[in-house]
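Below: the structure, in structure tokens.
All chains are identified by letter, namely A, B, C and D, in their written order; residue positions are counted from 1 within each chain.
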Amino acid sequence: MAHGFDAWILTLTTFTPIVGLALVLLIPKVEEELIKLVTLLTTLVTLGFSLYVLKNFDFDHTAKLQFEVKKTWIEVINSNYHIGVDGISLPMLVLSAFITVLCVIYSWNHFPEPHNVKAFLALILLLEVGMNGTFIAQDLILFFIFFEIVLLPMYFMIGVWGGPNREYASIKFFLFTLFGSALMLLSFLAIFFKVKNGQGLHTFDIPELIAAGKGGITHGVQLIIFGGMFIGFAIKVPMFPFHTWLPDAHTEAPTVGSVLLAAILLKLGTYGFIRIALPILPEAAKSWAPWIGLLAVIGIIYGALGCLAQTDMKRLIAFSSVSHMGYVMLGIASLTSFGINAAVFGMVAHGLITGMLFFIAGSVQHTFHTREMSRLGGLLTQAPKMGWILGFCAMASLGLPGLAGFWGEFPAILSVFKPADGLSLPVFRTYMVIAAIGTVLAAGYLLWMLQKVAFGTPKDEWKDTHVHDVGPQEWMAWLPLLLLIVVLGVVPGLMFKTTDGAVKQMVDKAFPTKVEKGVAEKQPEAKSPAIYVKHLGR
Amino acid sequence: MIAALANPHVDFLALSPEIALTATIVLVLVADLILPERSTWQTSRIASLGTLVSLAFVAVLENHSAIHGLFGGAYAVDRYALALKGFFLVATYVTILISVDYIGEGDYYEGEFYFLLLCSVLGMTVMASARDLISLFVALETISIPTYVLAGFRKHDRRSNEAAIKYYLIGAISSAVMLYGMSMIFGLTGETKLSAIALKVSALPDSKVLAVAIFLSLLGFAFKVSAVPFHWWAPDTYEGAPTPVTAFLSVASKAGGFVAMLNIIFFGFGGKAGMWWLVIWVLAGLSMTLGNLTALKQTNIVRMLAYSSVAQGGFMLVPFAAYGIAQSHHQTDVARSAFQSVIVYLLVYGAMNLGAFACIIAVARRTKSGEITSFSGLFQHSPVITVLMSIFLASLAGIPPFAGWFAKFTMFRAAINAGGWAGVTIAIVAGVNSVIAAFYYLNVVRNMWFRPAADDAQPVQIPGALRAALVVCTGLVVAVGVYPSIFGDIADVATKTFG
Amino acid sequence: MLMNHFWFLDHAWLIPLIPAISYAVILLFGKRYGERAAWIGLASIGSAWVLALGTVVQWISHVNDSEGAEARGVVQSIGGMVRNIRLAAESKLHVEPIIHSTTWFQNNGFKLNVGIQIDGLAVMMLFVVTTISLLVHFYSTEYLKGDRRFNHYYAALSLFSASMLFLVVASSTLQLLAGWELVGLCSFMLIGHWWEEKPNSNAALKAFLTTRTGDIGLLTGVIMTFFVVQKYATMAGGKGTGSFDIMKVNEAAIGLGEHGGSKSLLFWCAAALLLAIMGKSGQFPLHTWLPDAMAGPTPVSALIHAATMVVAGVYLGARVYPIFYQGFHIAGGTINPMAAIGGATVIIGAGLAFVQNDIKKVLAYSTISQLGYMVMALGVGAWTAAIFHLFTHAFFKANLFLGAGSVSHSGANHSFDMKHDMGGLRKYMPKTFITFMIGTAALIGIPFTAGFFSKDEILAVAGENNFTFFKYLGLVGAVMTACYMTRCVYLTFFGEYRGGHADAHGAGHDVGHDVGHDTHAYVSDDHATPIHDDHAAHAAHDLHDAHDDHGHHGPHESNFPILAPLFFLSFMSIASGYLLSPMLKIEKFALWVEPHFGDDKHFNVFEPGVFKAIDPILAVAAGVVGMLLAYAFYWKKAYGENITERNGALRAGKNFLVNKYYLDVLYTDIIVGGVKGPIAQAAYWVNQNVIDNVLRYTGKGAAGAAQFVYKYIDQKGVDGVYNGSASGAGALGGLARKLQTGRVQLYAFTVLFGLGAIALLLVIFN
Amino acid sequence: MLLNQFLLLSAFLFGTGIYGVITRKHTVLVLASVELMLVAVNINMVAFGATLNNAVGQVFALFVLTIAAAEVGVGLAIVLLIYRNLRSANPDDASVLKG
């Protein structure tokens, strides 16, 4: 239990945007500059809080829940306001606060069409509350609440400021996620009634539920409960059969909307798997794992094929995130701590890279007023900086070693080579090969896009128009992302160090590997000549 | 038995809320006669004050720990009854607030309006404490008859008359059938007091006649709650009647029906749950699905809300079914929690619906039309009312952080808690229905936010009383959404009083 | 401190770092320096070269010290190669590599170590890469003068050198993979240097995607190496974890190979890595990207597609050789996939080189063929020979490429079309001619040139390890190599200067140098090869060089920055051969370079071939026969003043041939005609239509499948279900609305009817 | 035996009442048939009260009578209203609200 300021820090990180929201609502619609300033200030303060959490986070035992606060919230249903951060949720929390600040900076003079600054920034702040909250919630109901709070602001953002087909896209996004979360809620309730915690009480508390273990639910029922949660999270990820809302939502959403959607909202699903589905119902997870793997792999290939068929640049990037999230789910499906570490890394990396890609797509649309690749071309000649950044992000996205994308995909593929005990090796190894083929397809559609948009000479439509290259706002919004992509790519240790402890503890408890009988404790030195490093003496 | 009737010991404190109400009714009547034509709006002031006084009495009784009983238990004023009386009175107060300007601006008989309104509320407060077949019947009729008149209050408008006649006829038939059922119950048990009936009924073997008797007596309330086979009157009456009356009908009188059902089932037929839970289960499923499906294609907002209230009625019946399932397996604690969730849903539904109707009235004052398309582009020029309307619609759809999610949550909880194939299937049907419901609620939101405004649209002004009503409703919806224990505890305390 | 014997070896990590820094500097400040960006590149690669030399010297002294007394009398000169080295002693004590690695990150008990591993192989590669890169940097200052993106080019070149050196010093397979992909990226950037033209960016895309397909193998292969180590560690009962370190991987491979156990993991790992080698080193069938990659500037082709990048595959093979050795049972002498692919590539590469009219394409196919040799050598267990051939090939192939560049740059105003714009250039460009001839000689394997020693070594060891089939395959390859190289030389330097109308050509040097003009020139060609390859790429990209202003008045000798590298490389093409030749009993190279694979008493693969007189003679004979055939075909027909008089060796060959004149006619008609005619045409046709199109069609197929999947399955199928259910609900709603008729008695009827029905049900069931 | 006859009578009356409500084309007669149904209920009540020798039956009947009177009063007022507006007492004419 944290006390003093530490107890408040997480609540502050989540609810400062509400304060900002109230301030923004009070300011009349006309003073746009003031509104922008207040919003930027609030998001910066929230980022400051999250960085405080990062600084004071005790990295030695990342498994332990830190900054933990547990207050009664609705004692009728024994659900309490239990929040805390550990190795898995810390990176996501900081990423969420970080991306929101960048979005506010980027949209300084990039406001989409109906140009209602006040409402737009208010929605971003409300969105941030939902996002931050989901990552710190340690109670099923609290998680559900924040999971759904995110829905409305995104619905309005797509609906009011979206592209031509925005109404269909926004309602589709809304209903998909609502259906998923309805089923998820039913599963939460089923767990609530089936599992008793230490004191023999029904509880929604995630750590207690994990500790309670199976709690006497028969395997069949476990499968159904996991099924409900699976659908709820799979829709959000999105995984193969439930993904059709994503391309529509992304193509119609305003730039900032699709950045937030891609960077954070998609991660709620995978985070849900890691935080709730896997640890609470390990047996069900083990019997579901091959199917999750199958859908993930289909998602990779299906997403890649989807990209190859696109003419709209942004829709192509949207399909690419279906494919990338396939890798993240593949990592999770392996049920090994290696895979899940890769999944968490993949979530952060995908957030940064695809967020950047959407930023660029937004700027391209802002300058060329179209995203049709057939009409674009020769970006490198007209706006060289933007062209090179697009190239850089394409390379990061196809998983070039040395950039963040690689550490999301490679360990995931590696972990599937040797999944947790009890999972069939041949099946998962075929997944591995397919996923590897997926990397080629990824290179295919990304470079194909790069060639169509960046290389070649500008179409005569734009031949003479003066095109202004990357502006100051854009630089301020993009530079941190680019730096992070490189830093995480070169030094993945930063991420793996934080997530390793928490993931290991979760996996060892949920999927204990059968230790060979009677193994000598001391690892016998393999019969090889001592490899000694020179210059001891000299 | 006769001796008891001779000089019943009357505990006036227990009756104080009803007395206060009656006094207000009389006052309103007299004021209407005395006051000159111009200042008849004073009657609304008196009516609202009277409701508040009665509410004060309820509060006084609330912290009186002792349970007051009258007429040998036929009229119990316990925590449960007080909670519901409080709800009815608050709902009425908000309805009055809503109708002050509506009635004032339209050419209506102001005095009579409030008189009828308060009579109906009196019926509801009596219903809350009724533990006897006769008082149940009398309370139900006291609620219904004034609303028949209120439904037809716009005398020169064909649609209002039509609403009244339909409401009247179906109402009369249902009460007749209910009485027929009650008479058979009386015949079988020889008792009218619910507690006595409960003993007798659980002693009786499962006979066909008993099953039919129970069902017939339940049917009257199904009409009031507008469960599906008996809901035909609701859409037409809601559309025809003046909007404040519709609000009153959809919230207060529907709640009255539910309270009656609660009383008769919980205190009367609890023992024989095995016989009637399947019926309620079917009613719930039908109401939800048909209500939601028909609402999808509606063009008139009030008619859409009518079907939505039919569907919400269906959602509220789910805990009843769960209660029935639990009782048939003799899990009393599960039954009690199902009972609780009905009360929570009731309270939340009341706040949401009244808020929604308040917004519709505010907008209709300027657009003069109930069509959904008339809402298009509202966001461009009057953002406040748009945000409020969106909050209520989102809450009706059950989206956090508004109160609706907690109502839906307790409903799901009751269904899953009851368990078994019945509980789970009804839960899944409810889940799918809540998604369908979200579609048409959001259709209105879509109109308001995404569609361009008509060029001649001016901003919506919200008069004082309506503004107060909106503040109350929004405050409740958001507060309960963020901190659900407000209603959660009320329901918990209410159901603790009896076993 | 400098004098510490191992300073260079310890700080070898500096070598990749310096070019990386120069990349960053040029990228950030390039704009301000303009042309002078080249000097930053040159300075960085120069210092890297000096460091590399330091490592070479220290490594040699380190090896010799551990040799003990016998190796006295070794004369070492820092600058040039060792001239006269006395024979080393027989007993070979293999020296441990120097490894410095730090834990990069930890993930659940598994530590990823990143660092440097310096041993003979690495030192050799460091030397080759830095030397060639230095020369190319110097060469490019002249060749690309005035190019629009001059500093971008130099930035990419430095990045390439950095990543290649990073790959070379890698101590773990994962680090090797990182370097491998970075090198792929740089080749993408450099091939697509003039990305305005579609063909160039197509070529760049094709190169990246084909190598990327190979990288599937690398990705899965590296993963398998991790589990090979884990299997070996846990096999001995230990609780060890997997690791990517190359030393551990090799140990585990040897261990698993020896102690039996399931060979399938090793086999699949070897197969996967072989796929990677095929992709990167342009082995059959993934070789089609290499000729297209000639769209890039010539120095790039010289550096990347001749000397360094393409050999990365062979380097990988050498680095984790035990995996292949055990995985493919190379010791058993049976035909293994590696040798088979190598052999096939040798023949196909040589065959295709025959029919090219573009000098760079010829050299590209010849590189493919030579790479085939190296892979075949690895496949037959001739580890040292393969690496030695890599060493020598880098020099003479770079020499040839730069020579071709010089010819095009000054001789044929930027066209690489032998048939059309060249011929008789030896009169105009004597120096380039001499260096080109030396390079060709080395390539063909004329005695006492580098090629002769290295190629001969491969064939000798192949024979020794009783892979006789591959030995003769190699010989046939040698014949064909000689043949096509002579043809190339003849067309470029002998006969009349066909670029006659170059002046007019020169004059009309505007941008309108349309592509169509080139293609029709081939109609008149005698064997009417339907060359529809991407020659357009060359013609198109020429117009970039066209803008350099130095007055184009017909072919003339290139200036110093172009010629200097050529001289150095031709010197190396000869001198580098003398490091390892059983004939002359010199085994210095083997001594220095052979790696240390743990206790290698069972690895007989490293014994340099026992010298048998027959082998060199055979090789020489093959070379001479090949040359004579081409000579007979061209010179005889051309009657021009021929080369043989001036070159002693050729004169001897010619006299020999003249006596067998009639035989000659037989040869020309049957063999040359046969070889040149149908086989080559068929090979080329197969290559263009089948393999190349297979790749192109897979691309198109994928796009087609994508269209289908997206249109039908995604939009119609999956989305259809959701839209369908939505409209279905709507329809149901419409229907339900009809129930509400508005007639109150009908309502009453339904109420009472419903009531009656339910009551009836209750009666029945209760 | 006596009770059954009463119950049969009341059931018969209840049936006719229902039939009348559904088919009569004049609203006032519909109201009359509703009254018929209430009469059936009263018979039931009184019959049970008598057999069980319990006064509550009659008390209930009295309540039903008074409430029925009030109900019919309101009903007739509404019917009158419709007649004044639509000039016809046929319930089918009052069906503008539908769908």
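As a convention for this text, a contact is a pair of C-beta atoms (placed from the backbone, for glycine too) under 8 Å apart; a residue touches a chain by one contact, two chains touch by 3 or more.
Values in this document were obtained by computation on a predicted structure and should not be read as measured data.
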item: Of A-B and A-C, whichever chain pair has more C-beta contact pairs; value: A-C
item: Chain at the geometric heart of the assembly (C-alpha centres); value: A
item: Where chain A and chain B are represented by their mean Cα positions, the distance between them in whole Å; value: 44
item: Inter-chain centre distance, chain A versus chain C - centres from mean C-alpha coordinates, in Å; value: 39
item: Mean-CA-position distance for chain C and chain B (Å); value: 81
item: Chain centre separation (chain C, chain D; CA means) in Å; value: 100
item: Contacts with 2+ other chains: residues of chain C; value: 726, 737, 740, 742, 744-745, 748, 752
item: Interface hub residues of chain B, defined as touching at least two other chains; value: 165-166, 169, 173, 177, 235-236, 439
item: Chain D: positions in contact with at least two other chains; value: 18, 21, 30, 91, 94-99
item: Pairs of chains satisfying the touch condition; value: A-B, A-C, B-C, B-D, C-D
item: Chain D residues within the chain B interface of the complex; value: 7, 14, 17-18, 21, 27, 30-31, 34, 37-38, 40-41, 44-45, 47-49, 52, 54-57, 59-60, 63-64, 67, 70-71, 74-75, 77-79, 81-82, 85-86, 91, 94-99
item: Of chain B, residues touching chain C in the complex; value: 165-166, 169-170, 173-174, 177, 206-208, 211-212, 215-216, 219, 223, 229-230, 232-233, 235-236, 275, 279, 282, 290, 293-298, 436, 439
item: Of chain B, residues touching chain D in the complex; value: 1-2, 133-134, 137-138, 141, 145, 148-149, 152, 155-156, 158-159, 161-166, 168-169, 172-173, 175-177, 179-180, 182-184, 186-187, 190, 192, 235-236, 239-240, 303
item: Complex contacts: residues of chain D adjacent to chain C; value: 18, 21-23, 30, 91-92, 94-99
item: Touch list for chain B against partner chain A, complex; value: 340, 379, 383, 394, 397, 399-401, 405-406, 409-410, 412-413, 416-417, 419, 424, 427-428, 431-432, 434-435, 438-439, 442, 446, 449-450, 483-485, 488-489, 491-492
